[in-house]
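Presented sequentially are two complexes of chain A, the first with chain B as partner and the second with chain C.
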Partner chain A sequence: MKLMILDKSALAPMVNALRADYRVVGPQARGPQFAFDVITDPAQLRLDYNTTILPPKKVLQPQYERLLSFNRREYQVTPIIEATPTVLVGVHTCDLHAFLLLDQAFSREYPDAHYLERRRQTVIISLECLEPCDEYSFCRSMGTLTSDTGYDLHLTDLGTAYAVHVATETGRQILSRYATVREATEADVRQLNEVLSAKWPRFTYRLDFDAAELPALLGAAYDHPLWEELGERCLACGSCTNVCPTCYCFNVFDEVDMQLVAGERWRCWDSCQLDEFARVAGGENFRKARSARQRHRFMRKGKYLYEKFGELGCVGCGRCIRACVAKISILEGFNAIHQSA
Partner chain B sequence: MTSNGKPKVAFFDFACCEGCQLTVVDSLQTHLDLLEAVEIVQFREAISDRGEDYQIAFIEGSCTRQADEERLRKIRAQASVVVALGACAHTACVNALKNLHPLEDVRRWVYGDQAEWYDTYEARPISAVIEVDAIIPGCPIDREEFIRVVKALLLGKKPPLPDYPVCVECKLKENVCMFHIGKFCMGPVTRAGCGAICPTYGDGCEGCRGFIPAPNENAMKDVLADAGLTVEAIMARFTMFNTYLVSARKADGEERR
Partner chain C sequence: MTTSIYTPEMARLVKVETLTALEKLFTIELPGGRSLGHSPGQFVMLSLLGIGEAPISITSSPSRSNGIFELCVRRVGDVTNALHNMQPGDMVGIRGPFGRGFPIEKMRGKDVLFAPGGLGLAPLRSLINQVLDERGSFGRVIILYGARRPQELLFRNELEEWIARPDVECLVTVDRGDETWTGNVGVITTLFPKITINPRNTVAVTCGPPIMYRFVLMEMLSKGIPETQIYLSLERRMKCGVGKCGHCQINHLYCCQDGPVFTYTQIKNVEEAL
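Moving on to the complex of A and B:
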C-alpha cells in the first residue's frame, strides 16, 4: 500500500479531529513513566515514550470488565459488550505482535464476543521503534522489532514528519477524513530506508541463540535447576504476568445488589504466578511451588503458546524484567538454559 | 432472625481506635440499603440500644488482657457468625508492638506510677482466643470490602478474602512501582483488597492488611536490602503492623526445624 507523509505539526489537528468521532488512546506520561490512556488534549500524547507500565492489551482486554447482568428473581441474563470506537495510537511493534497472538487466543475454539467486538472497533496506528525502550528490551531477538501486519497505519519518525504506511482501507479512510498528508516523494522513501537500516545495530540486548530454538530448548529443561533458584527469589506477586502483553488469563466473579436479587458478572486479569491460581475443586493445587509456577511462565512464553498458536509467547518487550522487584529476568533465564544445554 | 427476616447484627470493640467502626458508620452513608438488609441491635459508636440477641458479631480490636477472653467467649457463644473487623482484631496490628518489649516496661511507659492498676498481657488477634468465621483486614478496613463481606454472609457464601498481594491491584491500576521511584513498599507480601490505596497516593504499602498466606519473607528482605534498607529498618517494616504474625511465623519455623 501507499506511503504518505504526515508533518509533525499536523499530528495534533489530526488527533483533535479523531476525537470528534473516536475515543483516542495513546501513551501519556505517568510520573516518570508512561501509560496508555484516553487522550483529552493532543499535548498529552507522547509518541517519544519508551515503554508503558501496562501494555496496550488493556484496550482490548481491560483489567476489569463486565460480561453480563443477571436477575435471580426473573431468571434473566443479559450480555454486556462494552466497546467504543477507538483509535489506538503509538503502539510499538512488540505490542503489535502480541495483539496478533491475543487475536488467536480469543478467536479460536471459544470466540470471545467481548474481545472481538472491541477489536473490531479499534483502529490501530502503530509506531516504528528506532531506539530500544531501555536496557531490558530484547525485541530484536524475538523478531518483533518490526511488523508488516497488525496495524491500519504505521508511523516512522523522520525528524520533522512521520512516514505513514497505509496498510488497510480503514487506515486510508482515517487519513483522508482526519489528517492532512501528502504523498511520499522518492527523497522521503530514501530517508525512510536510511532510518530503518540505521536502527538495527542499536538493539544490543539479546538472546545468545536463535529464538526458534526456544521450544526445543525448553522441552528438554523441565527439570532444570533454574526453576528452584527462581522459586527462591520469586515473590509470587504476579507483576510479570500482569505487565505481559501476551498474558490473557482471567478470573470471573459476581457482584450482587444488597437485596441479593440482581447483579453483574465481571472478569478481571488473573495470574498463574499467584498461590491459588491452580487450586481446583477438592482443594488440590497442582502448581503449589513458586518454582513450578515460574517454570510454567517460561514454558508458556517459550514453548506452550508456540505449540498452540505457532507464535512464541514472548515478544521481548522487557516489561516483566522491568517490573520484577526480585530482578528475575526471562532473558537471562532463557540464556542460562541455553548455556547449560 | 427478626420477625422481618433480617439477621441481627452487633458490633463490639476491644483494644483499638474504633476507626474501623467509624468506617462502617461512614459506609452507611453511601450504602443505606445495608440498613434494609440487616438489623443492628448493638453498636456503641452509632446507637444507644444494647440488644443481646444477635446472630452476626463484628468485633474490632485486639485481645490485650485476660479479662478480654471471657467477653470474647461470651460473644462467640451467642453469635453464629463472628467477623474480625479490621487489623486489630485480625492481626493485633500495632497493639502487638508492645510484645517486643518487657510488659513491665510497657505498663510503666503508658501508665506511669499507676502501672499496677492496669492488667495487661501480650496483644493478640481475636482468633488466638475464639474461632473466627470471616476477616475484614486493614487499618482501617476498606468500606467496599466491608459491603462485599456483608453481602457474602447474607448470601450464605464464604466471604471473599484476597490471597494475593497488593502488587496485583497496584499493577492493574497501572501505578508507578514504589521501588522505581526510590520508595519502599511491603506490597509484595501484603494481602490485597485495599485497591493498593497507599501506593496509589504515592506512599509505599506498610502492610496493615497482614501477610498473604505464603509470603516469601526472605526474598522480600533481599528486595528491601537491595533497595537500601538496613536490617533494623527492614525488621521495623515487617513488625510495624505485623509483630504478632512475624512472631507466629518464627515460632512455627522453629518448631518445624
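Moving on to the complex of A and C:
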C-alpha cells in the first residue's frame, strides 16, 4: 500500500477536476446534521462531518431505482441499469464494512447487475475516523473503527494535509489524473502513526462482550423478554431500517403511463418493521407482532446475516439509535441479552 | 446489453381453464416452445406488465411438459385478479424456475403419502403426476385431499382418475358437503384413520393453508413417519425470488432459496415457519 500526501488546499481543485468526469458524492451539511449528496461546489464537502442521516449505501442502492422499462402493447421488456461513474468521498470505515456486506448480498448466487454495475462504477475515497461521532456509535466494539479493504483511496487527516493510502490501481490513477500529491516522507509516516495511535483511546468499547459472541447469544435469546418490551415501545415506523447501512431489503412496483401502454418497474427500500412486510396473499402475517419484527431486526443484524455471509449485520454506526423516536437502542439491547445470558 | 435477474421472459398463455369460482388453470408456452426445466415443487415469478409480479408454484409435472407448463392460480391480489381476466394469446412475464423442489430421488422406492389441503394441491400435483408417470419407481401412492366445500375441489377430472386407478389410493373429503356430495365429510385429518401405512418406508408431503399444517403434521407423526421424511411446501410473499428482497425470510431461512419445500426437521424449531 502506497502512502501519498494531499495538501488540504489541494482538495478543492481535486474535487473540481473529478467533477469533470465523475459525479462526486460526499458529506454535506443539512441543517445541524449531514447527508451524502452530489457535490456541485467543493465548499459543500464537509470531511469534518460526524455522521450522516442516511448511510452512503444510497449511492450503491438508491431509495428508488428503475429495474426495467416495458411496453404493454408490444409485450416488450428492457432492463435498465442505472449507473453513473461516481466518486464517493468521505466514507467512514463503519460504512465501508457495510459495503462489504452489501457486496456479498448482491453478488452471491444470483448476481444483481443493478447493484454490481453501480459498485463497479463507484470509486471509493474513505476517511479514517479520529473522533467518535457522538454518544450513539459503538464502532470499536463492532470492529469497524478501521478497515484495510473496501476502498480505492483512504484519507487520514494530518492537520494541514491528508495522508492518502493508495489501495487500488483505480485509486492510483485517480490521484495521478486529478490530484496534486507528493510521496510521503518518513516524517509524514511518523506523524500518521502518531495520529492513528492517538485515536484509539478516544473510542471506548461499549458492548459489554466480544461482538463475535453475538450470533450465539442471539441464538439462545429467541424467547427473551426484551422482544416484548421493544414491541411495546416500537412505533413500526421503519426508521431504524431506513438509516441502516446494511439493510438492503426491497419492494418492487410498476408505474404505467396514462395511456396504460409504457411503464417502468421500480424497486425501492422496504422495511421488515412495517406491518405488511411478511404478509402473504392469503392474508396471513408471519411477523404480525412488533416484538417479532424487532426480534427479526436484531437477529438479522447479529445472527442471520453473519450465518449467511460471515459478516455481522451491525457495524455500530449508531444511526438506528439516533433515528428511533421510541429510543430503542440496539446497543442496549445487545448488552441486555448478554447480561441475562 | 447487461442482463438482469429481474427481467422476465415474455411467454404466451395458450389455454385458460376455469377450475372453481376462485381458481383458474393457465397453460403457458415459453418462446420457441422451450422447456421451463423445473422440478416439482419449484415456483416462477409471474409478471403482468404494469401490474406487478408474484411467486406462483408450478402445478404441471416436468414429465408432461411438452414445451408448456401450468400454473393454478387463485385470484386474491392485483396480479392474480388481472391474470384471471386474461385470454389465450395474451402474454405474461416469467422468471425462474426458482427454489428447492421436492427431492424426488429420495422418494424413489418409497411409499408416498400426499396430503394437500385446498389450493395446496397445486404445487403437489406437479410431484403427484411425476410420480404417477414413473409409477414403477415408487411403492404405494396415497393421496388424501381435503377442501372446504365440494365446489372448491381442484382438478376434479384428475381426482376421479386417481380414485379410479388401482395403483393409487386416493381419498377426498370436504369440510362441509352439499346435496350433491356423497363422499367423505370432515377436515383432512379425518382421512388419516382410514389408511394404514408402513411409516419407515413412507415419505409424506403436505401443502395447504397455514391453519392446516399443525394438524396434518400431528397425524403424520402419530402414524410414525420420521420427521426427516415429511416434506412441506410453504407460501411467502416474494419480491425477487432469489434471496435478496427479504420478504420471504422465515427466521434465518429464505423460502425462495432454502425452500419453498422444507423437511419437517428443517423447520421444526423455526418459530416463524407455520
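Here are some notes:
Definition applied: the second predicted complex is superposed on the first by the 340 of 341 C-alpha atoms of A that agree within 3 Å, B and C clash if a C-alpha of one lies under 4 Å from a C-alpha of the other, contacts with A are read in each partner's own complex, and residues count from 1 in each chain.
The rule is simple: a contact is a pair of C-beta atoms (placed from the backbone, for glycine too) under 8 Å apart; a residue touches a chain by one contact, two chains touch by 3 or more.
Everything numeric here is computed off the predicted structure, so don't read it as measured data.
Taken together through their common chain A, the two structures put chain B and chain C side by side without a clash. Once the two complexes are overlaid on the shared chain, A:Arg233 sits against chain B while remaining clear of chain C. Legend: residue contacts after superposition of the two complexes on their common chain; A:Leu68 is shown touching chain C, with no touch to chain B. Residue contacts after overlaying the shared chain place A:Val256 against chain B and chain C alike.
For chain A, the partner touching the most residues, choosing from chain B and chain C, is C. If you stand at the C-alpha centre of chain A, chain B and chain C are 70 degrees apart, rounded to the nearest 10.
Once the two complexes are overlaid on the shared chain, A:Arg265 sits against chain C while remaining clear of chain B. By the touch criterion defined above, A:Pro32 reaches chain B but does not reach chain C.
Applying the stated contact rule after C-alpha superposition, one finds that A:Ala278 touches chain C and leaves chain B untouched.
Closest approach of chain B to chain C, taken over C-alpha atoms in the A-based superposition, is 5 Å.
Once both structures are placed on chain A, chain A residues 253, 256, 260 are touched by chain B and, in the other complex, by chain C.
Across the complex, chain A meets chain C through its residues 67-68, 70-72, 75-79, 81, 105-106, 108-114, 117, 222, 248-254, 256, 260, 263, 265, 267, 270, 272, 277-282, 284, 286-287, 292, 296, 299, 303-304, 307-308. Residues of chain B touching chain A in their complex: 31, 33-34, 36-37, 147, 151, 154-155, 160, 163-165, 167-168, 171-172, 174-177, 179-181, 187-189, 212-214, 216, 218-220, 222-223, 226. Residues 1-8, 10, 49-54, 74, 76-77, 80, 91, 93, 209-210, 235-237, 239-240, 242-247, 249-252, 257, 271-272 of chain C are the ones that touch chain A when the two sit in their complex. If you check the complex, the residues on chain A that touch chain B are 30-33, 35, 53-54, 58, 63-64, 232-239, 242-243, 253, 256-260, 268-269, 271, 274-276, 290, 323, 325-327.
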